[in-house]
Amino acid sequence: MIFVLKPGVPLEKIEQFQQMIESRGFKTFLSTGTEHNVVCLIGNTAAIDLDLVVQNSDIVEYGKRVTEPYKAVNRTVHPEDTMVNAGGVTIGEGLFQVIAGPCSVESEEQIIEVAKSVKASGATMLRGGAFKPRTSPYAFMGLHEEGLRLLLTAKKETGLPVVTEIMNQTQLPLFEDIDVIQVGARNMQNFDLLKEVGRFNKPVLLKRGLANTLEELLMSAEYIMSAGNSQVILCERGIRTFETATRNTLDLSVIPLLKQKSHLPVIVDPSHAAGLRGLVAPLARAAVAVGADGLMIETHNDPARALCDGAQSLDLVQFRDFMKDIKRRISFEGKRVAAN
Amino acid sequence: MIFVLKPGVPLEKIEQFQQMIESRGFKTFLSTGTEHNVVCLIGNTAAIDLDLVVQNSDIVEYGKRVTEPYKAVNRTVHPEDTMVNAGGVTIGEGLFQVIAGPCSVESEEQIIEVAKSVKASGATMLRGGAFKPRTSPYAFMGLHEEGLRLLLTAKKETGLPVVTEIMNQTQLPLFEDIDVIQVGARNMQNFDLLKEVGRFNKPVLLKRGLANTLEELLMSAEYIMSAGNSQVILCERGIRTFETATRNTLDLSVIPLLKQKSHLPVIVDPSHAAGLRGLVAPLARAAVAVGADGLMIETHNDPARALCDGAQSLDLVQFRDFMKDIKRRISFEGKRVAAN
Amino acid sequence: MIFVLKPGVPLEKIEQFQQMIESRGFKTFLSTGTEHNVVCLIGNTAAIDLDLVVQNSDIVEYGKRVTEPYKAVNRTVHPEDTMVNAGGVTIGEGLFQVIAGPCSVESEEQIIEVAKSVKASGATMLRGGAFKPRTSPYAFMGLHEEGLRLLLTAKKETGLPVVTEIMNQTQLPLFEDIDVIQVGARNMQNFDLLKEVGRFNKPVLLKRGLANTLEELLMSAEYIMSAGNSQVILCERGIRTFETATRNTLDLSVIPLLKQKSHLPVIVDPSHAAGLRGLVAPLARAAVAVGADGLMIETHNDPARALCDGAQSLDLVQFRDFMKDIKRRISFEGKRVAAN
Amino acid sequence: MIFVLKPGVPLEKIEQFQQMIESRGFKTFLSTGTEHNVVCLIGNTAAIDLDLVVQNSDIVEYGKRVTEPYKAVNRTVHPEDTMVNAGGVTIGEGLFQVIAGPCSVESEEQIIEVAKSVKASGATMLRGGAFKPRTSPYAFMGLHEEGLRLLLTAKKETGLPVVTEIMNQTQLPLFEDIDVIQVGARNMQNFDLLKEVGRFNKPVLLKRGLANTLEELLMSAEYIMSAGNSQVILCERGIRTFETATRNTLDLSVIPLLKQKSHLPVIVDPSHAAGLRGLVAPLARAAVAVGADGLMIETHNDPARALCDGAQSLDLVQFRDFMKDIKRRISFEGKRVAAN
């Protein structure tokens, strides 16, 4: 962290400033220039409120952090790609995974039909919501424990590892047999939940919040990793902008940036981003090309009767055709879809 | 809900469409026009996925909801202003309240000094964080239970009702003696938490999320009210935009809109919105003028040493001067600050 | 256009409302329902201020347009893809074009070196700014007429058609020999300029504004087409959001949407969107995969000394490698890069 | 401008870096630290592409500008408030002005009726569009020269100075008798137009663009001032965000920030920001309280028949009542509305 001083500050005031900073446990040094002097801090400055120091000093022009605030997720600390093992399926570094399934688990027949079909088409993991976050308290919120049970039945039938969303930390005991715990966009900064899934011994799929920056996403991953769990998969699913033609704006630029700044695998959910079935395939193609490690695709046996988000779901035939194309593209990129 | 049909759809297909909708429990009727026909639905359409119906039908041009999706919070259902009684202090309909205090409770001396001073200056409620949501897992997160205990000590000393933030539902038993439970911006769509505070018998201060619309804020209030708790205070605290000169963009337009669409009291937090101490007073003046029912102002005995968000805190002298001006403005608006 | 009426409006008031609308030259008809009645308008409603009618009537609940406001650019009016012939090079429907060149034309040596090199690497058109829009009045603004002259010299040497930006309509006479006139993001809603390039007999490359919607982009294209010029190429180059890790957020979702709603070719400029050289290649790969008809890539012989935007420019070797990869991808998509 | 170097760079490479920078006409000096060294630049660094230097050097961690890029508009350069004389009416430093009138000049009767009425109610300047920027090429675009003539007739009748929008620089000769030339939001970065109005001897009302930052607004004012015209009035009129309940989000935080960073007067246009008549008065009240120097209010003799933007216009009676309230507030702030 450095502080650029205003011009013409007398040395005495600079020394007082340095002493104030050093009294808080940091080492400082002064770089003198012809116009501006710069005070540099050494030590773990993550806890310093930069704006505060600037506002409370009458000699500081501005301050700036030199180092990134995340450590465990930082590629400089861990140069190799992290490979996440999700119920026997590995994601990361050339191993591309496709997670498919309905927005909500609705019945045993439904989830088993979908699971068998998406597996046959080439999906390697099964998704399905049991606890559903809904904007309206009057909307369908999932089958809860029964939904988890049906997911596990579908896993047993097909061998597909299962991914499903957690809504709060009291539900964790129910997730013992789930392969990947999803923390949804609205919970990306539910810090207590992040800490608890960080203490739990399961891979976590962390979705980017609707209005969260790349750095905030990495800081939320840092919560999970700093609590002891290094099995984190990042997921881009669209951000909120002024554009109304799509539900959200899928931000594919963050994929190569996340891969560069962090060692964690990154997947893309085009279904929730666009909110329109017709955009799922083109955006998935773009996601493969931009370097994502996987896709999450909403797929339903009967989208017209889906209890939520049917408008963005592919049906089973559409998904089969979709996978034919996507598999060609994955191998074009020199990656492979590897089931366990 | 209405569906505008494409031109030239044969009557037979329209009837099939109506039967499909009616099979799901709604009544429909057809309005015939020269170019477009319109199918209208009657019943509680909150659970219908509008986009889905449009996408799955080859005869529908588009659909549109006719009624607002919130009911309990809707002013049409409850035309009079709701008055919230927060530990003896009433907010709403001409009774303006000023909530002041530090970002975090740091020590007994600190919170008592701040509480006495802000009370003397005219604040009517005390805020102070015990559980602090922080972007970084390495930042100070509050004193937790000890923080709540110190807040209650300050309440005992000064008589000021206390407001403090909850982070997750397992903490609710600790909030028995707290006067107002704050649900922060990052938890505005933590639906399980909303339901639980809705079952708890305490007023709730609900902050708008960084990227949430007015309608979503009202839907989150609806979660609380539909669970049985009608004591809800809404709070605007800035939204995320492309502007970087301020931390967030305070959206004062929503104050008169919220007052028009809902019967709930609405307050403004200019401290978190701007993130700059110098903007707190002008934005607070604007909030009074635009019709807010109260203010939440970060105030600290020693902002330069605050453990969080010091850059936006007023010190005790600044707050005293601030209140002199704000009190003149409140009475100019024909409202009054009423302590209990 | 339809107006949904409030419940319980007496027939007399409805008839007055219909007469008011009809007095302005529209035909109306009434669809009666059990709860809401709906008044539908027939005629060219583009000039009606929908919000105004709603606000000024005490019987209307809300109104909604049924048809899209753009006509000439609408695919429903012109189902086949428009092919734009840009100085002998055709873009659209399977013919993919890569436009390369520096942000600014700086000297004869520079532009000829770049032109020869990018042609050898596979680019089919040459870009280079002669009139540069710059945020600061103190920044380099291009070589103006001299820049245009040098571009034409480079065209003569290489045969590459040239694309360059116009800043205002008084410059049009200078653009007689330019192959494609670029209207930049900041001028997307400079309506007088749009009309004038619409009267000029040259293809226009229209960039999306930083905060403009897909519909507004199409309306600006409509300005050009309605003035008589149907040779319009649309270009996505990033929108402004809260994310600060990239200069703008490239919105690839609009590519398939624009192709669906309009018949015009659509290209992508990843250089300006990201502002970071390292993102140009992955985003270009995504653009090819998502269905764009072309790319615009900033390329410079010596980016370290470029007079503007060097940080996002590829050097000539990087561009050569880039094109090797992109050409494989274009043919993977079943398209071809066709020079004239 | 400073460059923070990566750790462990050998002195030889640092010296090469300094020589490279100095070869471009800057003086540099090196501040050595224990972890990071910092190279500082002296000279007019406005033309340096910061990102470029960082990307092209393998020894620089990051760079940062120390000084603000605007000079003429900067309050540090010109500490006193600029007072703009607009046709005999002065705006700035305690002199508050209210500009009222219709979106478009529609007829002589209309503009004279409105002018007389708003003058009687207390407005001090008249607005009215003659050249109207419209999203659709099929919408009403104003009466052009005839509109300007009618405005001047209304000025003659009432003595009110007139403000009207210019669309492109070729229209300037028509604006000889206009008192204030408005550059609209869509033209805020039409740099050629800014330069031309900067060479013209008339006050300029510069509206903030829909997606432009405070700094960009000041840079556009810098264009005008650096061309020789120091009579600039800034205007906030709402920015584009994800919120759809209002047309734009009025950003009142920028008013005190602009007053602090610049010496230019700042006014607010709540009519265009909200797009809803019912929000004009509360937002205007907030604008007065936050410290604006004036208001621009759309007012029409018959909003229900206005040819554009009627939904946000006050009628003449509403404006009279509005002004009664606003005048009380202006004098509460210790300011006055001063006609010439």
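In this document, chain identifiers A, B, C and D correspond to the written order of the chains, with residue numbering beginning at 1 in each.
Note that a residue touches a chain if its C-beta (ideal position, glycine included) is under 8 Å from a C-beta of that chain, and two chains touch if they have at least 3 such contacts.
These numbers were taken from a predicted model, which means no experiment stands behind them.
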- Superposition of chain C upon chain D: rotation angle, C-alpha, nearest 5 degrees: 180
- Over half of the contact pairs shared by residue number: find the pair among B-C, C-D or B-D that meets that against A-D. B-C
- Maximum distance between Cα centroids and chain D occurs for chain A
- Query: What is the distance, in whole Å, between the centres of chain A and chain B, each centre taken as the mean of its C-alpha atoms?
  - Reply: 26
- Once you find the CA centre of chain A and the CA centre of chain C, what distance in Å lies between them? 32
- Note on the structure: Residues in chain D with touches to at least two other chains are numbered 211, 240-242, 244
- Message: Looking at the complex, which residues from chain D come into contact with chain C?
- Response: 44, 46-47, 49, 51-52, 54-56, 69, 133-140, 167-170, 186-187, 189-195, 209-211, 216, 219, 222-223, 226-227, 240, 275-277, 303-304, 306, 308-312
- Query: Tell me, which parts of chain D touch chain A in their complex?
  - Reply: 2, 4, 27, 29, 31-36, 38, 40, 42, 61-62, 64, 66, 211, 240-242, 244
- Which residues, counting only chain A, touch chain C once they are in their complex? 211, 213-215, 239, 241-246, 249-257, 260, 273-274, 278-279, 282-283, 285-291, 329, 332
